[in-house]
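Chain IDs A, B and C follow the sequence of writing; residue 1 opens each chain.
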């Protein structure tokens, strides 16, 4: 149990990083920001789910998905559909031609609730859908692609095409999806008003806790043999296959986990921000999500969270005041991260931290040498745990 | 079928088919450029749409100039040359500054070129404004043939199509019949060996990348005949042209041509029977499903890995 | 095809790439505990033969039976699990992982998704890694990143990774390429030791090395068997001298 705890926290160094992030998310931001700004921070944190999922998928697995928006969107739409149905009770929609259905359906001359909306009358079914629908969709895509050994650039392009298809479809099917405006005017969940300040605080904390949950789950995966295999597959897929592993299953699994994380993020987005629209699904948002993880550091979950917060903060600041400058900045960010800081903020931090901590490093190396020389079971294990962390 | 008679359906197919020709030309030229770059460095250039727009803006600007100095009827061939030259030059520069540092990192190149596309879009917006602009088309390109009373065949489509055929033939000759093309193919197949026999592989890379961009610039000139040009117009075509390349099998010229034709025609004909968004969804979805079943594309040959 | 006592029975195996037959109607049997060396000029189809056995390349026709189990229809990982291990021509190891991790990853427990998620590093695993590390002379380098090993040590590490799987058939593609004379001798000893309880197929160009290890030699030429037998017998074969050894 103790070792499991250690794995999730990531040892001494990991604990410091986690504690700092927790202090920022749970203490500093709520104390330092007004409700409106905190709502923005909460919105960015929902994007961080995607960044964390990309650390798993892209940083560790080497699989670049340009379609994480698909899963964020599906999760968001599932939640938004539930909230919309609750907001569309027959009394508050009595001026419509058909009361009791969402307003945009009424505007599009639809007279009864489409069948795929039915399950979203129930919250348990909705939560189930948030967890299962995107994951199942990822499974189908992953199964088709990875079993046939499609990877790399091809996988990136095809996921991007699917993101495009889904966004066009949602925009085109106005009557069923709310079209380009998306699903708006979400008010309550089980009668609890999500627009009130107190609700905003509570949702913000729930959101943060869920993000930490996702970080812990991905730490569990990465610190297991699975995580080691993921790295091995990224670098020498063939060798893993010839060590008796069915590589495709591992890729499908990690793609599904990443989809589920993104979906949870999307659902939390709909809850906190109060709407969901196709603008979070298409090509542009899906590829922007990759830059969140890249800026923070594609190998570091905590880095990815910081990256998401920073990029989005920058986006909000710049796109309001200097919209022309923002695109240059964003473009420059893509280029410079790839060319000069492939490990992002986390990489920069490590570099500096290691400069400061060179004495500690020296001791570590000496320790490793000694235990390698004595070659007993215990010390090998010790080094192993070190290696797994690194 | 959809309440039309067979004769009407036939007419629709002919007309939509011909109007699909312009789209086919644009897609084919974009995909050719993309395929050359993809074949060369195994990476997809996300800023490809913006290179097309370079060609489109060049054509629009030249057409304005032509109106002023009264040579509207002849400017189009010049526009294609200027479009090629400009896109080629920018491509040459981009390879030198950016791409050459990222060979062997295809996924990173993809992200970097996306960044490049954002920067280019903003440059277009700052230089030409956010509003879409159109080229002044020469009068002789605006009309249409009427072989039967029910059928309209736009002349610009046929004209652009003819030019596309010429360029495609040129690319074929260049790649498969010229000394330089031999060098390009040698570098693609075995970079180390090509270097060892005295081919300047770095130069080959740069010229090939620039050439791919140049051809895309010509696609931009063709594009002005079917749509108006704005800073982000290129990004609308990027996924389509990826699909053309992947679907046709990146290494096959015949594959690229057939898949560009198929995709353009499917979109054009389907648009008549359903909304244009559903036509696009149906086409893309079909491609994605086929690619899932046959990831190597339709025209890939079996090779020893 | 009838069942045989051979560990590996390849019969009428052909593979063609767009008409070019890299392996042409080949029949080959390997005995239990035998160390077979396959030699031949470049392009003879040696590596392709290994690719066919381990499933990397699919055959056009013919059969490959391992312990009377048909391999041609199995996926790579299934062939490995059946007991066939393969080392590649250039050392194929995980450079970013430590030597210990490289060996542990090859341990045949926890090969499924869930199995790997809940894999526990038991004493048994650690003992086994230490044991193999000792055999491949890397016991002092377990915590070293594999990228830092010398070329020869990388070759050993890959052999060690295969030994972790306890394969009944081990296939090694040019295991001593890039090794010093001393390392070659050590590798010869290693191979002679590990073929005690398994069959081994080795592709090699170094004739001195082949002499040290081969029980039987097969000479391939243009996808076909040119000669087969003991090293001495093969060396005297005129056809072999003409196409290969005479150079």
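Keep this in mind: a residue touches a chain if its C-beta (ideal position, glycine included) is under 8 Å from a C-beta of that chain, and two chains touch if they have at least 3 such contacts.
This is a predicted model, so every value here is computed, not measured.
Distances from each chain's CA mean to the overall CA mean are smallest for chain A. Using mean Cα coordinates as chain centres, the one most removed from chain A is C.
Centroids of chain A and chain B (each the mean of its C-alpha atoms) stand 34 Å apart.
Note on chain placement: the centre of chain B and the centre of chain C lie 48 Å apart, centres being C-alpha means.
Taking each chain's centre as the mean of its C-alpha atoms, chain A lies 43 Å from chain C. Within chain B, no positions touching two or more other chains are listed.
Multi-chain contact residues of chain C (touching two or more other chains): 56. The touching residues of chain B, counted against chain A in their complex, run 42-44, 98, 101-102, 105-112, 114-122, 125-126, 235, 238-239, 242-243, 246, 275, 277-278, 280-281, 284-285, 287-288, 291-293, 295. Interface residues of chain A facing chain C in the complex, by the touch rule stated above, are 220-221, 224-226, 228-229, 231-232, 235-236, 238-247, 249-250, 253, 368, 371-373, 375, 377, 380-381, 383-384, 386-388. Interface residues of chain C, counted against chain A in their complex, comprise 54, 56, 75-77, 80-81, 85-86, 88, 92-98, 100-101, 104-106, 108, 110-113, 116-119, 121, 123, 126-127, 129-130, 139-144, 161, 165. Of all the residues in chain A, the ones that touch chain B in their complex are 58, 62, 64, 141, 144-145, 148-150, 152-154, 156-158, 160-162, 164-165, 168-169, 171-172, 283-284, 287, 290-291, 294, 324, 327-328, 330-335, 337-339, 342.
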